[in-house]
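Look at the two complexes coming up: chain A is in both, with chain B in one and chain C in the other.
On to the complex of A and B.
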């Protein structure tokens, strides 16, 4: 079969398909749902971008407040008069803290950051409303810095937020079922089968072409609408990486649709009645889209229990109480590590301050271990999910979609880890000055470490994607081989 | 053009066709008569490669349909007893679809309209949905398909059952014209009158065996009826 005859065949089947009222109706429904999902996603991304801008201007304002402790010129009197009462209080608080490294170390709320939305974040909400929301530098506490830390259901396979991933993953296959379940059975039941068979050179090719034009039309509607709507985003967001991810996303949509096409061909090759084929197809959908992901989710939740946020906060309190009981030992260790420290006997507050530093270091290191374990559970879950995605093409699809949109669990963990590292860097920056007994200068304020969250979503975890691609290919090939066996085993 | 050699088809323990020998050259209209279950439809299905012979062979233009499926299909036209087309397509669109299915890709509208007209479809019906067609009109679409494809042989399985006399008359008229144009025709039928009028040769089958074969011109209507009833019993 050459390309020309394949193209002719597809055109012929498309003319037939479009005469079937189910096809235009389903294309309209899927197109409408795609636009709805994109609208919701667009609002969500816009909201996130607005929040990102708000936080950036907030951070700039905090910097101005700090610098105003050294020179009033950074905040003119006219602009100072525009401050709200709470901002004026905040300015005074920061002006008082600005020169003291100890106070700066414990002053929270100077830096806020948010995992920025990637240009194509709208393609998948990942954990839906449970995206890592923002990072807030809160002095000594680490567990309270990540807001909305919990992801109650990282799979969100069976039910979840209405986004493109759910639309493609669960609803598109339903469209495929409606359009293809009776491709062969209807011919037999309506009495056309023999006439068709007497004309066509290859029945398998005919069925493949019929399924392909119907499923292909659904995929084209989704991909085209998504690409067009995405191109309407502000052009400043667009870069080569985003385009590559959108292209890869489209390829994965096609791959996922190919699997359902292969399944449609297989079911049509079984010579079942329309009702039988439809029922079997629906059972396959229930199994692959509902049952397997739900069971897997339950299994993973059982294997790796996630601690709730409250449990994390309680853990930090427990660590603090335990560390306070060992405060003398911590102080002794601290003194051994810093022989350069010379205590001023006339200044008893100095020893108390350094004891606090020693204690907070112990707490910080122990909490970090706990948080690292907590993050490790996310990573472990992700690895388990990666491994078991072979059980359902839906899981493979979701895994890839989250990756391309930059909303996967791994991106969340990466964001969390980087903010934790930033927290340590920020505290250490002032701690070194505190130990050296230095005053904070304007140049130090201007050089305060800043957190760069950009680029976190664009990273693709190749191993996970390869497994996803392999899963889709495996399922598609298996269906193709079984169809071939049915067609050539006398089932014609 | 159509040839069967010692053709036998057995379903389980039931012998549907036993040692059939048949040769239909181009331009001949061969009609098979026989009671239901005599093996007429089985013979046609074997030529169409819908089923495979238990023993013996069928040949279409010297080719075995099992090993040369595409080539033999391109030579054959088929009109089943119940012609069902795609009801949401017009007659013209159905013709275009099936012709395309058979590999005819470069068909302009005029050629399709001409074929439908030659088959006897009224011009006003050409662009109407097939859902509103009578059985005779649907048959004309399929005949037009054979005309467009320029088939070398036509297989018909009781094509006139359910047709009114006028439609049956028109149908056989077209069939005779096809025969004159050199198309080999194998038809299973119960319509003794039209078979006698249109066929070149007539074969009578009973319980899977071709019991008698004779030229249509050698027998009168009355004798054909007597002979058929006698041999079918």
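On to the complex of A and C.
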């Protein structure tokens, strides 16, 4: 069979498919649903972008306040008079702290860390409903900074979001079932089977072409609408990586649809009645889309229990109490590590300050270990899920969709870890000034480290994606082989 | 005649091995779900009750001798799950189960068991309520889609007419048969509800008549909802071919169960966004720093309290008051923060109400949303019940703080012996959780119930109105 005859065959099947009233109706429904999902997504992303803009201007304002401690020119009189009473309070507070590295270490609210939205962030809600895309600097406490200050959205958590991941993962297969369950059975039941057999060279090829045309049309509608809407109404900065992610997303949609096509071919090869085929297809859907993910979810939640977030804060308090009991040892260690520091006997405050630095270093290092463990549990859970995604193509699809949209749990955990690292960097920046006994200068304020999570939202975690691709291929191949076997058996 | 048709339908079901396997599997899954849910919820209720006893004991055996310090030390109250949460946990796992109580600030509920749980596209329909409301309709579709159309396709529909069975009778009989079957399949839920009613005791926070009426309402509404599905399934089967009715029913199921609720929730949260925790905290801290929230100021509260005290003690000057004035100002400060917190809380409650009203509007499009709303309300696991718990906890906090600050003001202290100390702390009564009254619940869900009744009636009428092939 050459390419030309295949194309002709597909074209003929497309003409037949479009004459079936179910096909245009389903294409319209899927198109409408895609647009609805994209609309909901654009609302979510717009809110996120607005919030990010607010936070960025907040960060810039805090810098201005700090700089105004050195020169009033950074905040003109007119703009100063526009400040709200609380902003004026804040400005005064920062002006008082700006020159002292010790005060700067302890003053909170200087920055927000922000995870920028990927241009295709709306395609999948992922862990976005439970994990924040921003953290507030809560002073010297790292655990307070990493608190997820999100008002619970119980219905969203219980019901879930309507996004393209759900549409493609759960509803598109229903569309596939509706369009393909009776591709062969309808011909048999209407008495045209023998006629069809006499006109085509290969029945398996005919069924594959019919299924492929119908499912392919569904996939094309979703991919084309999504790509068009994403490119025409961009919600974020497009770059090469984001484009690649959109392309890969489309490839995964095709891969997932390919699996359902293979399953449709398999069911049609079983020579069941149309009702029987529909029923079997529906049971497969229930098993792969409802049963397996639910059972796996329960199993994994039972296997890896997450510590409540409040335990992190309580842990920091415990660490602090314990470290305070060992303050002398910490001080001795500190002196050993910094032989260059000479104590000024006439300045008892210096020793106190250095003791504080020594203690806070001990606390920080211990807290960091606990924080790393806390986040590691989430990563471990993701690894476990990666392994078990082989059980259902839906899981493989979900894993990939979240990755491409930059809303997977891994993205949010990485962002949290990056925030923790940034917190340490920020504290160390002023700590070095404290140790050197230097005052903070305007140039130091201008050189305060700034948080940058660019690229994080479009980063892909390859191992998990490879497993997802392998799962889709495995299921598609298995269905393909089984159908070949059924057709082969039938021919005999 | 109806009985004969029902018996015939049951025979048809028994003869189809595929349907039998599905029914048995479904029944087994529902039974298992009821048992595990009952076990989990019982353990959860026992753990919460034990935590509450422990917190009370900690309060009574505290060693401080300053009543105001005790308010800072505070206590915690724990939410007892509704006894009916075994059947429908609703949004309870997503909301907090404990509230920390202390002076000067109102804490949010914490300890939500569902937080940080893995959720894969939220397609977990394994609670008894979801198995009945989301999965059982799929089983009904499986049985109902071919009830009439198969007769027509096999040519037995005319045969039935020739035997004197009117099409309406046939459709009614088939609808009743599918309904009886779905009632039979929902038996584990009925058994679980009965068990809950039988084992109810006063410590659960609900009296026996209340639990009974709620359980009866849940089951009755579920049956009404299932009746709508049965009537709808048979109605379509009476008008279309088996294949088409299967497709339409599956599409309806996907739209009602998967699409509309999610879209409604998504849109309601986008339309009425909640202010961030940070915004609220900033509003509060600014008001505290400035001693005014724009409407009331701390001075006003101080002045009002001073006037009250002067009148109460019948003196002219503050200096003549026989009490600790600083402690009295604590009371005024508390009233100020309470008023501030009430305003902030009201802002949030208003947004939740607007979201709920918006969601209720979507119930017209999806009876699933209506049944979920009514079922969680009667099970006591919706946001309304959670808000009621938080409100009772807040009232308790205010009583606690007021009693302790009053004691501080009048110079009363716990005694040195353990008994007198316990006696002093016992002035703060034990926390009693109260569930909203059934009439309040009924009022709050009158709209979804109305929608369910309309849906059921409409589909039943549609099923009974001249099915295809009547003329023949």
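The rule is short, and it goes like this: the second predicted complex is superposed on the first by the 458 of 492 C-alpha atoms of A that agree within 3 Å, B and C clash if a C-alpha of one lies under 4 Å from a C-alpha of the other, contacts with A are read in each partner's own complex, and residues count from 1 in each chain.
Operating definition for what follows: a residue touches a chain if its C-beta (ideal position, glycine included) is under 8 Å from a C-beta of that chain, and two chains touch if they have at least 3 such contacts.
From a predicted model like this one, the values you see are computed outputs, not experimental measurements.
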| item | value |
| --- | --- |
| First (chain B), second (chain C), both or neither touched by A:105 | neither |
| Which superposed partner A:423 touches (first chain B, second chain C, both, neither) | neither |
| Chain touching more of chain A, residue-wise (chain B, chain C) | C |
| First, second, both or neither for A:195, with chain B first and chain C second | first |
| Which of chain B and chain C A:286 touches, first, second, both or neither | second |
| Which superposed partner A:398 touches (first chain B, second chain C, both, neither) | second |
| Which of chain B and chain C A:169 touches, first, second, both or neither | second |
| Partner chain in contact with A:12 - chain B first, chain C second, else both or neither | first |
| Partner chain in contact with A:178 - chain B first, chain C second, else both or neither | second |
| Common ground on chain A, meaning residues reached by chain C in one complex and by chain B in the other | none |
| Complex contact set, residues of chain A against chain C | 22, 29, 33, 36, 40, 43-44, 47, 51, 85-86, 89, 130, 136, 149-162, 165-166, 169-171, 174, 177-178, 181-182, 186, 274-276, 278-279, 282-283, 286, 289-290, 293-294, 296-298, 300-301, 306, 308-310, 378, 381, 385, 394-395, 398 |
| For the chain A and chain B complex, residues of the former touching the latter | 8, 12, 15-16, 19-21, 190-192, 194-201, 206 |
| Touching residues (chain side chain B, partner chain A) in the complex | 48, 50, 69-70, 73, 76-78, 80, 82-86, 88-89, 93, 97-98, 100-103, 105, 142, 145, 155 |
| Chain C to chain A touching residues, read off their complex | 18, 22, 90-91, 93-96, 110-112, 114-126, 135, 138, 142, 146, 150, 242-243, 246-247, 250-251, 254, 258-259, 261-263, 265-270, 273-278, 282, 286, 289-290, 348, 355, 359, 383 |
